[in-house]
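We just call them A, B, C, D and E in the order they show up, numbering each chain from 1.
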Amino acid sequence: MVNPLWLFALSLGAAFLLPLVDRLGRRIALALVHGVTAAWLAAGIFWLSILLSGGEAMDFGTAGFMAPLAIVLRVGLAEAAGVTAVALTGLLAASSLTRSLRDAPLGGSMALLMVLMGLSGIVLTRDLFNLFVFLEISAIGTYGFLGFDDRKPALRAAFKYMIAGGLASSLYLIGVIYVYRLADTLNLDIAASGTALSGPAGTAAVFFLLAALLVELKPFPANGWAVDAYETAHPGVSAILSGASATALLLALWKILPLLGPAHLSLVAASGLATFAAGNLVGARQDRPLRMLGYSSVAQVGLVAAVAALARLSGLGDGGSDFAAMVAGGLLLNHLLAKTGLFLLAGAVEDDRARGPLSPLALAAAGILSAALVGLPPFPGFWAKWRLVRALADSGRWWILALVLGGSLLEAFYVFRWLGARTKGEAGEAPVRLGIRGAGPVLAALLLVAAGTLGGIRGPVPDLLLWAPWAAAAVLFLLDGIPGRLKGILSAAAAAAFGAAVWGRLDGLGQFFAVMLLGGGALFSIAALRKGGARRGLYPLLSAATLALGAILAARTPLEFFFAWETMTAASWLLVLRGRDGRKPALSYIVFGLGGAFLLMAGLAAGGWDGGTAAAGWPGLLVLAGLLVKAGALGVHVWLPGSYAESDDESSGFLSAALSKAPVFALFALALSLGAALPGGPWTSRVLGWLGLATALGGALYAVYQEDIKRTLAYSSLGQIGYILLAFAAMDQAGWTTSLYLALNHFLYKSMLFLAVAGVIQRTGTRNMYEMGGLIKKMPVSFLSVLMAIIALSGVPPLSGFGGKWLLYSTLIGKGWYLEAAVAFFASGVAFLYLYRLIHSIFLGQPKPSQSEVREAPAALVLPQLLLMAVLMAVSVFPRLMLDPILALVGDRFPTTLAFEGSRLRSALGYWDGTLTMVVTGGVFALCLAWMLANLHNPQSVRQFNIVFAAERPLRPETTHYAWRFFEPYRKALGFLTRERAERFWDAFGTGAASVGGALRRLYTGNGQTYALHVVLYVAVLYLLLGVL
Amino acid sequence: METGILVRVGYALVSLFVITNYGLLLIGSMARISAKVQGRVGQPVWQPYIDIVKSTAKRNSIGHGVMFYLGPVFRLAGGVGTYMFIPAVYGSVLFRNFSDSGDLLLVMYFIFFGQLGMALGASEGGHPYSAIGVSRGLAQMTAFEVPFALSVIAVAIQYRTLDITAIVAAQQGGFWNWTVATNPLAVAAALIAFLGMSMHNPFSIVIAPQEIPIGPPTEYQSNLLGMLQTNRAIFNGAKLVLYMNLYFGGATDVVTMVVKTFLIYFINVFVGQAFPRFRVDQSIRFFLGVPTLIGIASVIIAAI
Amino acid sequence: MLVDAAILVSGFVMIAAGIGAVLARSLLVSILLSGGVSLVASLVFLLMGAPDVAMTEAAIGSGLTTVVYLYAMARARQPDEEDADPLGDAVKGGRR
Amino acid sequence: MSILEFVSRINPVAASGAVLVLVGVWGVLARPNLFKIAIATSVLETGVNLVILSTGYIRGRTAPILDSAADASTAAARMTDPVPQALVLTAIVIGLAVTALQLSYAVRLRAAGGGSSIESYGDEKW
Amino acid sequence: MMRRVLVFLAVAGLAAALLPLALGTGVPEAPGALATAYLEDAPGDFGAANVVTAIVVSYRGFDTLGEVAVLFAATAGVGALLTRKRLGIGDAEPADKPAATEILVTATGLLTGLLVMFGVYIFLHGHLTPGGGFQGGVVIATALLLGLLARPESKLSHGILSAVESLSGAAYVGMGLAGAFLAWGFLDPRVLPLGRIGSLVSAGSIPVIYSLIGLKVGAELSGILDALKGDRE
C-alpha cells in the first residue's frame, strides 16, 4: 500500500513550491494542483482496490514510532473511500474552478490544495490532536477559498463562517485536552479501548469533541453561516464544501463514534434528524437555487450523521458495521456526487444571464443529479434508503421512518421544482449550454449512474430484465438525434421484445396486465409517429416508462417491485414534465407519486408484501395507501388531472390508459399475496369500496365542468379507476371479475378516446371544446371512434361497456352494497353528461370557419383506432373472449357466482347474454334504418346556418354553438359537490409546511453574530439534553 | 322454451305491433282526457296516427349530416330494443320478446341507447336549442335515476333476483304480493322518477326548447319526425310495461297489461297537471331530496 | 502554594483585562488589553514550568498579534470608536 | 473539607482559563464590531490555551528540559507534563493564523465599503 | 433585550458545560504514562534536551508540519485578499507614510540586524533551551517589521521572501522524506547523528528542521504584515 505520508509530502511540497512554480505560468501551477489531486485520487482508488480485494487496513506511524508516542495514520476501507471522494470532488470541481483560479491571485490555488489535503488528513489520521490540525488546515483553506475570487457576498459569508469556525475549534480543543487528561492518550483507538472516558468528566470531555464536530457538520439551527457560504461562494467552492468537506467531517464523526456513549449517540441522532427535517422545510421555501442546495446539503449531512449514530446506538439493521457502512456510506456517496454535480451545474446555469431551457446534455445531467439526490432508482441513495427504511421499520422506529420519508419528500419537492423551472427555461431564450463547465456535472452524473447500477446489479437486483427500462432510456437518449419516427418504432419494438422476454415468467395476472401495460406502451409509441421531427426526450421516456411497467409485473421481491415502481414514477414524471405547460402538473405528479411511493416503501419495508402476519396488519395498509395515491383515489387525486392534461397527447393516453393500471395490478397482487384478502380485515374492504365509489362519482362530476378535452378525459379516467377500485374492494368472484373486466375495457376505450383527441388537438390546435364544433364531417373516423368509445364507457348496450355495468351492479347488489349500487348508478349517469358534451362540442353542432381546413387525423392515430374499434366490436359480440380468461384468472379463490351457459353469463341475481343483445340490437337497428331509408324522400343537405332559429338567420357559429359552460344548471344544482376540497386541503397542507419553513427560516437572519449565538445555544441545549438523557 | 329463431322474430314483431298501436292509442286518449279535464274538446284519439302518417308522407326532407339521419334510427331502435328486452306478459311465449338477452339491468341501460343517439342526431342539426335541451335532459336524468335505481335495488333485494320474469313470478297470487303492497316506498320513489323520465310536468323544462319550435328534435321533420313520434309510443309503452312488471304484479294476459299500464300512465298525467314546472337545477335538487330519501328507506325496508 | 496564589492573582488580572477588552469602547484599548491578557498568560505559563509556551505566547500572542491588529485597524481606516461607522460606506477615500 | 482544601483542589489555571473562554464567547456574541469580534476571539483562544496547559500543571515541577546536570532517568520525577505544552505551541500559531485571516477579511470588507458592524453584512439570509 | 437574554443563556449554558469539567478534574499529581514515556525516552530516542521540542519536531512532528501548513495557508489567504488592487490602492500611492527621524532609521537598522541574529539563535537552540522555530521566526519578522516602520517607503522584496518561504518549506518536507528514507519514518530526525545531549550539534536533524521552520515562519509572518501594510500586488 502506498504510504499516505508520501501524498501529504507531495501536497505540502507542491503547495510550498507553488509560488515559485507560478512564476513559470499559472497554467503550470494549476496543472500541478490538479496533478496532486489526481495523485490523491489514484492513491485512493489503489487503496480501495486493495482493500476491496481482501487487503487488511494498515497503520502508518510518523517519526519512526507508532501509536501512543507518535501520530498514526490509518488506511482502511472507509478512509480509502473518503480520500477517493475528497479527491474526486476536487477534480470534479476543477472544471468549474479552473478559469476563476487562473484569474485570481495564487492564494486561491493554494487554498484549494490546502483544503483538499486538510480534508484527506481528517479522513486518515487516528490522532485526536492531529485531527484538530487538519480541521484547521481545511478550515483556513476554506476561509481563504471562500473569498478567493473576491465576490462581495462571499466575503461577507466568509467572515460569518470564520466566527462559527473559531467557536467550533475552541470547543474541540477543550474536548481534546480533557480526553488526554483523562485517558492519557491522544490516540483514538487507545482512548476508545479504555474505560477512562466513561465517567461524568469523560462524558463531558467527549461531549466537547462531539459538539465541535457536530457544529462543523452544520446542524440545525446552528448552520446559517454555512448556508450563506454555500449560496454565495463560487459554485466550485460550494461543491467542495458540500461534497468533500461534508464527507471528511462525517468520517471524522464516524471515527469518534467509539468514544461516544449512548447519550452522545442519541444527541447525534436527534440533532441529525432535526437538521434533516428543518433543512428540508426551510429548503422548500427557497427560490434561490444555490441556497436551496445549501439547505439540502445540511439536511442530507444531518441524515447521514443520524443514521451512523442510530446504527451504532442500538444495532439498527443487522447491527453490524456493514449496515452503517452501506447505508450511511451509500447516502453519503449519493449526496457527495449529486450535490457536487448540482452545485457545479447550478452555478453554471444560474450564473448565466441566460434564462432559456437547458441543452439536452445539461438536462440529462440535471435530471440524473436531481433524481439521485432525491433517492430515485437506480442511484446509490435509492439502495441505501431502502435498507434504511427497512431497518427502521424492523426496529419499530416509525417516527424516524416518517421523518425520513417526509423530509425526502420535501426535498423532492423543491429540487424538482427547481429542475422543472430550469428544464423549461423562459420562452424565447436561447438554450443554455454548459461547455467545459459541464464536465464536472456530467461526470458526477455518470459516476452516479455507474455506482448505482453496479450497486444494484451486483447487489439486491441482479435480474437484468428489470434494468431494461434504464437501458432503453439510455439507448434511445443516445440515439436521440435520429428521426423521431424511427425511434418510435424502436420504442414499440422494445415494448414488444420486453413483453416476449417476460411473458414466460409472468403468472396469469401478470400476463393479463402485460397486455394492457406493454401493449399500451407500444400502442402509444406508434401513435407518437403522428408527428415527425426528433421529438427529443419523448421516446426514451415513453419506452422507459413502458418497460418499467413491464418490470413491475416481472418483479419477484418487494425491493424489485419498488425499484420498478419508482422507475416508472420517475419516467412518467418526466413525460409529464415534457408537456408544454407541464411544469406545475409535473411537480404535483412527482410529489404525489413519491408520496405514494414512500408510503408503499414504508409498507413494503415493514413486510407488507410478504404475505406474513405483518402484511395483514397495517404494513399492508400502508402499501394499500401508497397504491391508492398512485391510483388517484379521491382526496389524493389532485395530481392527476393536470398531469394527464398537460403532457404530450400520446403521453396522456399512455398515462391514462396503460399506466393507471399499474396500481390496479399491484392491488391484485397485494390481495393475492394475502390469499385473496385485504390487509386490515373487512372494514378495509368497506372503506376501500366507498373510496372507490367517491372517486367514481367525483371523477365524473369534475369531468362535467371541464372546458378542456384532456381534463375531461383525465377526470373521466379518475372516475373509471374509481369503479375498478369499488369492484375490487368487493373481494369476491364477481367483484374481481368486474374489476379486471373494467380495467381492460377502460384500457380499450380510453385509448381510443385519447388517440382520437390527440388527432383533434393536433388538427385544431386547441384543447378547449368550445372552440371546436362540427368536426364530424372533417374527421369521421375519429368521430366514430369517439362514438363507440363513449357508448362503451357509458355502459350502454350493446357494446362491451354494458358488461362492466352489469357485472358491477350484480356484484354490488349480490354483495349487499345497496347504497353503493345506487351511488354508482348516479355516478354512471353523470358520466353521460360529460361524454355527450365531449362528442357534441367537438364533432357536432356548428363547425367553426377557422377549422374549415381541418383534415382527418394522421394515419398513426387512425390505424390504431381502427384496430381498437375492431377489438371493441369483437369483445362486445363475444364477451367470452374477454371474460373467459378473466374468470379463469379469478379462478376458484372465492365461492363461484358467475358462470357462462353458452353465451349467457349468469350471476346469482340475473343473467346477461352479450351476443344475443348484440344480435337483437343490431336487428332492431337494421329494421329502423331500413324504415328510415325507405321513407327518406328527396333528402337535401342544407347549408350550415340553415336552421330554424326563431325567425332569424344566425351568421356566426359562436352564437349557435352552445358549448361553453355547457352544464351550468347542473353546476347550480350540484356544484357544491365539486368544490375543490382536496386541492384546498393539500394547498393548506402545503401552506402549513411552507409557513413552518418560513418560520424556521426566520432564524437565518444573515447576521453572523446571531449565527454564532445559534452555535453556542445549540451547544448549550445539547449539553442540557445530554444531562437529561 | 327452445323456439326457432325465425318464429321468435315473428313473435317479436307481433308483440311490437301490439305495443306500437297500444302506445299510440294511449297517447291519443291521454291527450283527450287531459283536454276534458281542462274543459277543452281536445284532439281525436287517433291523432298520433295521423301525425305519423303525415310526417312520413312528406315529400321533402332536409338533413345536416349522417348522424342527423342516424339519430332517429338510434332513437327508434332504442325504444324498440327496450321493449324487446322486457317480457311484456308473464308466461306468454308470444310476448316474451327477447328478454333472455339480459335482466333488468340490461333494460335500464338500454333505455339510454335511444336517448344517446337522439341527442347526437339532434346535435348535428347545429341548433343551439338541441344542445340546450339535451344538456337539461341529461342533467335531469342523472337526478331521477337515483330514486329509480334505489327503488330497483329495493325490488332486487326483495325478490333476490334481477330477472324481470322472476320478479313478476314472485308477485303472482294477488294484490298483496305486488311490490306496491309489499314495499310501497319503492313504488313511490319509482313513480316520482317516472315523472322525470317521461318529462311530464313538473319536469318538462327539458322539452321547453322544444316548445319554441320543437326541442332537441328542433331540426327534425318529415320521415325522421315520424320515427320519433313512433318511438314515443313504443318507448312509453315499454316503460309502462316495465313498471307494471316491477311494481304492479305484471300481467298474465294482454288485457290486464293494458289496464294496468293505462292506470299507471293516468296517475302520472294526473299528477303532472297539478304542478308547475321546475327549473332544471330545482328538479335535480328535488330528485336528490325527498324521492332519494324515500328510495333509501325502501332499500332499508327491503334489506331488513 | 505560592505559585498557585500567583497564578490566581494573574488569573483575576487576565479576567479583568479580558472583560475590559470586551467592554472597552475604544478599539485601541481593547487591543492593548487583549495583548495584556496574553502577556499575563505568558507569565502564568512561565510559572507553570512551560518556558517554551511562555515565549511563544509572549512573542505571538501579545506581540505579533497586537501588531497585526494595529496594522489591520490602520488599513481598514477603522475609527477607534467601536460604534463609529456601523453601516459602512464612510470609507470612500480614493475608492470607486 | 476546609475551604483551603477545596481551593487547593481547584486547578487555578483551568479556572482562569475557563472564565476567560466564557468572557471571549460573551464578547463574540455581544459586540457587533468586526474588530471586536476578532479581539474577543483572541481572548477566547488565550483562555483555551490556558485550559490546555492547565492539564499539564503539576505543582512543584520544572520545565521539561534536561540540563547537563540531570540525566534522563530522574527527569520524569521532576518535570511537568510536556504534551500539553507541545499542543499549546501548535494552538497558538494556528490562532495567530486565524486571527490574521479574520482581520484581513475585516479589512477587505471595510475596503469594499462595508460597515464596521457585523449587522451590516446580512444581505444573505433566509 | 431578547438578544441579551439569549446571549446570557448561551454563555451560562456553556459555563454549565465547561466549569464542572475545568474545575472538577483538579490538578494532576504526576504526569501520566504517556508524558512519562516522553520524558524518559525523548533524550534517548532523539538526543534532544528539550523534551517539548522533541515532541513538537519529532514525535508529533506531523502536527507541526500541519501547523506550518496552516500558517502558510493563512498567509496565502491574506495575500490573496489584500492585494493593492482589491484594496483599491493606486499604483503610485505609497501605502503609509509616517515620518521617521534619522536617528530612528539608524537605530532600527542596527536593531534589525541584532534581532535577526537573536531569532536565528533562538531557533538554532530550540532543542536545548526554551524556544524554537516559531519563536525565532516571530523575532525575525519583528526585526523586519521594525525595518518597515523605520523606512516606510522601502518594500520588502517579495521575491526573496517568497523564495525563502517556498524553499524552506520544501526543505522541511524534504527533511521529512529524508527521515522516511534514511531513518525509520517520516520526519524522523535520526538522519543525522544524535550527538551528545545538550550540545548544539545534537538531536539529529531537529535543529535543521527547527531552523527551516524559523525561516519559513519568519518569512510568512513578514508576508502577512507586508500584505496588511498594503504592499501586495
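The rule is short, and it goes like this: a residue touches a chain if its C-beta (ideal position, glycine included) is under 8 Å from a C-beta of that chain, and two chains touch if they have at least 3 such contacts.
Since the structure is predicted, the reported quantities are computational estimates derived from the model, not experimental observations.
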Least hop count linking subunit C to subunit E through chains in contact: 1
Subunit A to subunit E, fewest steps along touching chains: 1
Centre-to-centre distance between subunit E and subunit D (centres being mean Cα positions), rounded to whole Å: 17
Distance between chain centroids, defined by C-alpha means - subunit A, subunit D (Å): 50
Rounded Å distance between subunit B and subunit E, as computed from the means of their C-alpha atoms: 106
In subunit E, residues with contacts to at least two other chains: 7, 10-11, 14, 18, 25, 28, 32, 34-35, 38, 50, 52, 60, 63, 67, 70, 73-74, 77-78, 81-82, 86-88, 130, 134, 224, 228
Residues of subunit C touching at least two other chains: 50-52, 56, 60, 64, 68, 72, 75, 95
Interface hub residues of subunit D, defined as touching at least two other chains: 15, 21, 24-26, 29-30, 32, 51, 55-59, 63-65, 79-80, 83, 85, 89-90, 92-94, 96-98, 100-101, 103-108, 111, 114, 119
Touching pairs - complete list by chain label: A-B, A-D, A-E, C-D, C-E, D-E
Contact footprint of subunit E on subunit C as seen in their complex: 50-52, 54-56, 59-60, 63-64, 67-68, 71-72, 74-75, 94-96
List of subunit E residues in touch with subunit C within their complex: 50, 52-53, 82, 87-90, 93, 96, 122, 130-132, 134-135, 138-139, 141-142, 145, 221, 224-225, 228-230
Touch list for subunit A against partner subunit E, complex: 3, 5-6, 8-9, 12-13, 15-20, 61-65, 68-71, 104-108, 110-111, 114, 117-118, 121, 129-130, 133-134, 136-137, 140-141, 143-144, 147-148, 150, 174, 178, 181-182, 184-186, 200-201, 204-205, 207-208, 1013, 1016-1017, 1019-1021, 1023-1024
Interfacial residue positions of subunit E with respect to subunit A in the complex: 3, 6-7, 9-14, 16-18, 20-21, 24-25, 28, 32-35, 37-38, 41, 45, 58-63, 65-67, 69-70, 72-74, 76-81, 83, 86, 162-163, 165-167, 169-170, 172-174, 176-177, 179-180, 183-190
For the subunit E and subunit D complex, residues of the former touching the latter: 4, 7, 10-11, 14-15, 18-19, 22-23, 25-32, 34-36, 38-40, 42-44, 49-52, 55-56, 60, 63-64, 67, 70-71, 73-75, 77-78, 81-82, 86-88, 128-130, 134, 197-198, 217, 224, 227-228
